[in-house]
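Look for chain A in each of the two complexes below; its partner is chain B in the first and chain C in the second.
Up next is the complex of A and B:
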């Protein structure tokens, strides 16, 4: 019984961090109707930034949260402005410009392999003040880095939801996601909003990078692991939905962790894909998605 | 000289060059590069039936390559059936799977469809990697299948030299190009194009868009599986990660998009542009700086999409038109157009 509770807890904590990874993806899709294939690579950039920051300065891992996400915000902002906007402009009349997928895939290849050239293929870990620490609840062991990652993930999701509801920029983001043309007519500059959406989405990948680094390896293609999961999570939760991303993340984390108690972990991966396909066929809009999005 | 004559001369020239190349190119390495170029052009042309004409973005076609390779190889290894027969069986199985995937997914919009095909392909790969024996069928899990060398034999689809492979894939490519040309000018081609651009409007005109998309998908998966058998017989060894991974699926889509989706020459032009670049940068650069060749590849993808979002073919066709107009008589100028 303890083993099951332990597995559920671990799955939920890891799942919240998957959800955090998916959060940026879902925000960008919601606003721009673009699946950002470079999202995992941006997470990797976040992880490497956090890695070097902690390694070189010896700062506490969570202080990196003050540096890495803003850095990645600008990275995403300019990536959209310089690379994605022109494609969008060229295909203005298309609702979902699919060539953008190719551009983001190109960015994925470039970033992953630049990292490979600069840092080599080896798996790196950084020992931080909290690595390997834990506390116990009865018989259950709770890892402190994972628990803080869980808390930070939830806070980020709540923060993003509040930002979308309360601020002008957030409302403009929502308006653009609902109806691009109408938002444009209301005086919202579509492409500036896209810059913000991409910047915020990338910054969230930066937050994810900071919370994952104390207990996970970083290597150039680490993004792929999270990318595929993030795709599944956003479709599961409904592309564009914030709570969908978090709940979808926890579901995937739970499946992984609980099923791996009973079978080889490669089979849990197959089960995740199977569940994904079943959900797509039964309810293509996902748990919290809107019908118009698919 | 009229425009038609010029087109014909160039076509004959292209045929002579492609059929004569093995007489000039003796190095097995270069011949292999050419074989793979045609192999990718073939795969992309087959993909184009769905990804180009039907206007969706399938990103998981490696599934069908895998079905083709596994079916013919299992039949050969375990039952001694010639790969030529296994190839057709694989094609039929792939067509059925294609319809199975297509039926529920063709209702979806672009991004959902792309993600769904990726998930399907990855799920398929994970399954195959986890299965050593499927009932009586030996799949060998992640280790893949090895075809024992039996020496030159047409029946066994094995040749000691590269030339037969070269001619097989060249003929396959010519046939599939002819088939797409034919389809693009048939009722099915028009219906597909209409359904790809304006599904609602096409439905309103009484076109059963879904049925034509499914037909295109079945045909595309069938043709793709044939190439899977070719690949298995060319390499004599394959394993799930290499054959069923996302790399192959993605590259097919990239070649189509770089060349120009929905055009007949697009896959060929895309393969001509990307494959040599891919091979040579890998051969010459990956030893010194691992990853550099993929940085270059990614950069080129981005640049082409930024400056030629419709792919290279429309621009090249325009260039050719202008050139042809200069060569042919002035009154013939402006005719011909898109190829």
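Up next is the complex of A and C:
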């Protein structure tokens, strides 16, 4: 029994972090209707930024949260402004901007290979003050880096939801997400909102990087590992839905953790995909998704 | 070259000329004995290839400086390199080129099992002796070949030695281990090990309480570690790559999983990054390697220092076997007193090398069985321990090679 409770707890903690990696993806998709294939690479950039910051300055991993996300916000902001916006402009008439997908795929390859050139293919981990530490609740052991990651993930999701509801920019993001032409007519600068959406989405990948680095390792193509999960989670939870991403993440985390208590852990991957397919079949818009009208 | 040797060569030439005209002209022209080397000098395994190359060069320099092959009038050894790029096809075509164009007398290489397997087959077809220092796939010396000789231990012996060690250390300390758990990466390597573990564990009467493969790219190994915790085994055996070895060790520390012994299988656990990233979480872990810098063998320390001075890093298991291979070849040539492939082959088959510079290897000597496998080849077990406030890998087994003054910590986590 203890093992099952332990597995549920671990799954929920890990799942919240999967949700966090999916959050930026779902936000960018919700607002821009763009599948950002570079999302995993942006997460990798976040992880490498956190890695070097912690490694070189020896700072506490969570202090990096004050530096890395803002840095990545600007990275994302200008990436959209300089690379994606021109394509959008050129294809103004197109409802589903396919060329943008190719642009984000290009960014993915450029970033991964740039990292490969700069840092090499080796796996890097950084030993922080909290790596390998834990506390106990009765018989249950809670890993401190994962628990902190869980808390930060939830706070980020709640923060993003509040931001969307309460602030002007947030409302503008929502409006654009609902209908970009109408939002444009109401005086919202579509491309500026896209800049913000991309910036915020990238900043969240930065938060995820800071949260993951104390217990995981980074290498140039690490994004792929998280990316595949993030895509599943986003579709599972419903495209563009914040709570969908978090709950989808936790579902994946739980399957991974609990199911592997009863079968070889190599099988859980297949089960995740099977459940994903079933949900798509029953509710194609995902658990919390709206029926898309675009 | 003295006249006696010249005469012998001339006789050899005449005899050979009756059979094959092609081979004989080369024998006369030859001033040095060419050893063909196929190694991964570029591509993914290049670093290991270069390590082997440098170890060979040091050995050849020593052999030549000591007067070369005396029975052949002090003939010098010469290495001819070819880059396999870790590609079996390239390995085979380069082997053919070395034999046909470069006219090498002996072949050696190729480190990658996948390259060595077909390359040795090519050499066998041409009847050229092939000395394999390292390439672990069992079947390389299990095809009834006459010209293939392997210095290092084969795959199945790695597992055999893990269990031998486990038995010995229990006898030494009077501790009895009953339950055992296997955790391994689900690739070719891990599943291959696991298969042999199961057989041996059953044979030795251990109870297998967990048998768990995991994907090397897993983002989280906590599920595996949770399972390990509920299984609560005495001994855990691992096969891991670098990243997952680190992840696994740190997660085990987090989850306070403390078996009496952890026995790893080299690979990720032997990676220099491993200790750096797990620090004290890796304390008292046993790991299996071909060789360790502190093996208690005569000359090991001096040879390592010489190598380190020359190339700037320590010898590794692979390079020690490559180094020893050159002495095995020199020894065979000395006894064969000929470069005729058939005679060299027979001399190699009769090898019984137990002394000399090659004996820095962790095992007792080189002697080939009927398949060309070194009967004595073995592996050392090291333990991660704190020596003078620093984490180190200390050789503990075989007992003859154990670092002087060290007592293994067994069981750990009392």
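Convention: the second predicted complex is superposed on the first by the 292 of 294 C-alpha atoms of A that agree within 3 Å, B and C clash if a C-alpha of one lies under 4 Å from a C-alpha of the other, contacts with A are read in each partner's own complex, and residues count from 1 in each chain.
FYI, contacts are C-beta pairs under 8 Å (C-beta built on N, C-alpha and C of every residue); 3 or more make two chains touch, one makes a residue touch a chain.
Because the structure is a prediction, the values reported are computed rather than measured.
Superposition of the two complexes onto chain A shows chain B and chain C fitting side by side, with no clash.
Put simply, the three-chain overlay gives an angle of 70° at chain A, taking C-alpha centres for chain B and chain C and rounding to the nearest 10. By the touch criterion stated above, A:33 is placed in contact with chain B alone, chain C being left untouched.
Once chain A of one complex is fitted onto chain A of the other, the partner contacts of A:266 extend to both chain B and chain C. Of the two partner chains placed by superposition, only chain C is touched by A:131; chain B is not.
Contact with chain B, but none with chain C, is seen for A:274 once the two complexes are overlaid on the shared chain. In the overlay built on the shared chain, the residue A:81 is in contact with neither chain B nor chain C. Of the two partner chains placed by superposition, only chain C is touched by A:225; chain B is not. In the superposition on chain A, A:98 contacts chain B only, with no contact to chain C. Following the chain A superposition, chain B and chain C show a smallest Cα-Cα distance of 6 angstrom. Touching of chain A by both chain B and chain C, each in its own complex, is seen for residues 264, 266, 269. Those residues of chain C that touch chain A in the shared complex are 186, 212-215, 217-220, 222-224, 226-227, 229-230, 242-243, 246-247, 250-251, 253-256, 273, 276-279, 281. The part of chain A that touches chain C in the complex is made up of residues 2-3, 6-7, 10-11, 14, 18, 122-125, 127, 131-134, 141, 143-144, 146, 215-217, 219, 225-226, 229, 256-257, 260-261, 264-266, 268-269. The touching residues of chain A, when paired with chain B in their complex, are 29, 33-35, 83, 86-87, 90-91, 95-96, 98-99, 101-103, 105-110, 112-117, 121, 220, 228, 231-232, 235, 239, 264, 266-267, 269-270, 273-274, 276-277, 280-281, 284, 293-294.
Put simply, chain B touches chain A in their complex at residues 57, 104-105, 107-112, 114-116, 118-120, 122-123, 126-127, 129-130, 250, 253-254, 257, 289-292, 294-295, 297-302, 305-306, 309.
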